[in-house]
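For clarity, chains are labelled A, B and C in written order, and residue numbers in each chain start from 1.
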Amino acid sequence: MMPLLITKGLSRNFGGLRAVDNVDFTLMPGEIRAVIGPNGAGKTTFVSLVSGRIQPSSGMIVFDGADITSQPAYVRVRLGIAYTFQLTSVYANLSVYANVALPAQLTLRHGPSKSAIQAAVMAALERTGLADQAAMPAGQLSYGHQRLLEVAMGLALKPRLLILDEPTQGLADGEIDNFITLVREIAKNATVLLIEHNMPVVMHLADRITVFNAGKILAEGAPEAIRENAAVQEAYLGTAP
Amino acid sequence: MSEASPARAYASHLGVMALLFVLSFLLPEYYHGLLARIMVLAVFAMGYNILFGYVGLLSLGHAMFFGAGLYGAGLAVIQLGWSVPSAFLGGIGCGAVLALAIGLLALRTTGVAFMIVTMMFAQVFYLVILYFATWTGGDQGMVVPQPARVLTFGATALDLTNPTVRYMTALALFSLVLLITLAIVRSRYGRVLVAIRENEERTKMLGYDTFSNKLAAVVVSGAICAASGAAYALLFGYVGSSFASVQYSILPLLWVLLGGAATTLGPLIGTLFMYYVIDITSGYTSAYLLIVGIALILLVLFFPKGILGSIRQRWLGWLP
Amino acid sequence: MAFGPHLLLAALEGLVTSAVLALTALGLSLVFGVMRVVNVAHGEFFMLGAVLAWAITTAIGGHPALGFLAALVIAPLIVGAIALVAEQLVLRRLNYNPEATIVATIGMLYIIQQLALTFYGPEARPVEPPFSYRILLPWFGYSGYKLSVIAASALLLVATWLVLTRTKIGLVMRATQYDSETAQAFGIPVDRVYGGVFALGAMLAAVAAVLIVPISQAHYLMGQDPLLLSFIVVIIGGLGSLRGTVVAAVLIGLSDGIISMFFSPTLAKIIATLLVAMVLVFRPQGLFGTASR
């Protein structure tokens, strides 16, 4: 099977700091991959490079067999790479409906009617359980619901690769359980790349785990193997199990 | 949710048009002429509103687009002897091309730099008009002669200097642009523009080429402002450099702020209200710039949403 | 006159322009640098300085130097006070939002201009120079007053620079410019710093105007050109950079004097404005500034 995403020698410098350092990474279609690592390990920079929010200093990104290194972010989104933000950045002044209509109308480029958009929007809202709040301004949603709206916006893009950047941060326990169910559901027709600090969530969800430290990949493998890995434990020294 | 009430939105706009139509037969001569002028200038404000209200780009140079239409149409009639319709379209074309060029350059900047850059390009446009005084009439301007301002369709001739014809032509242009604005705002494209205003970075990450969308908005906005300028030249017969001066870049901003940015009817209300205030106060003082200045400060301090914006927030959430 | 002396004369005139421009632009640059406010009414503070200078010298009478010295002190103080009030009443309440403050300062521009027209009138009025000594060069005589304007401006620039770099006031201002929230946390009264900076910026424009008014006359529309030129200087010099501002002022002042001697002034303005707009589009950090990224 051909990998969905490959990075080769991917690097990004900020001044003298190598935030991402020569990373070779491969992601197979259908996987749920978790990316973990201590703060400042370069996780968010790495997924920002993949999504095109920032440009690499060197290296190459291949998505579905095509070199996308020099493609701007919006083209990558259209190719199927959706990115949900670490800090909630929904359109606070627009209705929940409008927030999701924006990505939904993009994926219905071929003769989208108002009813087709509406159907797509409501489908994404149903899946995330936000259908009742469709008319509400997004800024008035609770924090947890805003995070779900982020996911709904990502879903409405009908992505092949959905990147979730710390999606459970700030969620209550009950909300986290629902979230795990939702991600499993999404993974049936999309590949998921997940940055996450919450280890139980990672252990529950991930097929494979990639550990970042100091801009490099420290280890990669199945959840059990990573849990046993001595180097990983050292990198996390005192910060997590 | 605005999606729910297209009927009310269209009905209210048609109502405004009908009211303006009826007013043509009721108003005394002076106000009849004034309202025709206000409708043409409201088109200028509507063009400005597309960019400022919906995309959130504050330009301080829109006088150049109005001026492009004004001089494009005026020079075509005076120097080239074009007919009225082709001069009108020529004026719009000038505005659209200029807007495309300015957009390509100015959109590389954001925020304050965008404001200053647009102001500077408009200043260049203004100075160019003064410099080529042989053709443009310099700061004296030019009068478009009456015989050149007649529309002929076969046997019938419409004289644009006739007050009723002038009023109805102004109303037709105003109504057309109002409906175009309404259609844009309610379209998927309008939704993208608002999204860019609210959060450009996020909009990029939802798969939109924000630069191209903004550029298209600059061109549409410039073309509408140019249509207003071209109509002004042909209907009122005067082409002057003062219309390209920085003051005419500030006025549409004032009108839109006053009426309510990002409301379709706000530009008309702002223009109408400002002319009304100036008309009343002109009995007491000739210092109308003082009123413009005070209005600008009071608006940004206390009514940043403008008249219609505040009404929409309090009572009429369905207003487009 | 031969080409050489002609050029020398143009250069001297250019230096006078530069001197006044540097002071005016420095005011604009300080306000932008510390407060991130683009003050469109800056040219009107300049105009107010000149108009007040005329009013003060006329009221005092006697020897021209007496009235002039009084104007040099009083006019900037009045303008500074007006700016302070405007800052407190308007800009502060807008939370220094960049776009709202531009609209508000446009409003101030119209108000000040119209009030000047109403109370001062549309005439251009001269102010007598404090002394009328002429320096005789081999090729032409040159006004001693103009040369003293250059000297006075240089002195004021050095003084401002010393205040900014060597005193506590300057330190407080730079701290506020760098990070106003942290400055606030360290007990710096940010509100008062902003008020002071806005007043200081207006005063620099007013001093420049008092210096130039014996050469060019006081008129209610005289603020427009200095505003445009100051914008140009601040943009070329790099927004908020003091050294860049002075270098750019000299460059613009000299080239303005020399270019307008050989080209039509309108054409010179067209080219200059277009070039500056292009600088802002393609090199927003200015010609002398360094990229922030």
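Simple rule for what comes next: a contact is a pair of C-beta atoms (placed from the backbone, for glycine too) under 8 Å apart; a residue touches a chain by one contact, two chains touch by 3 or more.
Owing to the predicted nature of the structure, the values given are computational and were not obtained by experimental measurement.
Visitor: Going only through chains that touch each other, what is the minimum step count from chain A to chain B?
Guide: When the steps are counted carefully, the minimum from chain A to chain B is 1.
Visitor: Going by C-alpha centroids, which chain is farthest from chain C? Tell me that one.
Guide: Relative to chain C, the chain whose C-alpha centre sits farthest away is A.
Visitor: What's the distance between the Cα centroids of chain A and chain B, rounded to whole Å?
Guide: 43
Visitor: Would you mind pulling out the distance in Å between where the CA atoms of chain A average out and where those of chain C do?
Guide: 52
Visitor: Counting in whole Å, what is the centre-to-centre distance of chain B and chain C, each centre being its mean C-alpha position?
Guide: That gives a centre separation of 34 Å.
Visitor: Name, in rising order, each residue of chain B that touches chain A in their complex.
Guide: That would be residues 1, 3, 188, 191-192, 194-195, 198-199, 201-210 of chain B.
Visitor: Using the touch definition up top, name the residues of chain A that touch chain B in the complex.
Guide: These residues of chain A touch chain B: 51, 53, 72-74, 77-78, 83, 85, 89-95, 97-98, 101-103, 105-106, 112, 114, 117, 134-135, 153, 157.
Visitor: Name, in rising order, each residue of chain B that touches chain C in their complex.
Guide: 58, 60, 105-106, 108-109, 111-113, 115-117, 120-121, 123-124, 127-128, 130-131, 250, 253, 257, 287, 289-290, 292-297, 299-301, 304
Visitor: Provide the residue numbers of chain C that touch chain B in the complex, in ascending order.
Guide: Interface residues on the chain C side: 38, 90, 93-94, 98-100, 102-104, 106-111, 113-115, 117-118, 228, 231, 235, 264, 266-267, 269-270, 273-274, 276-278, 280-282, 284.
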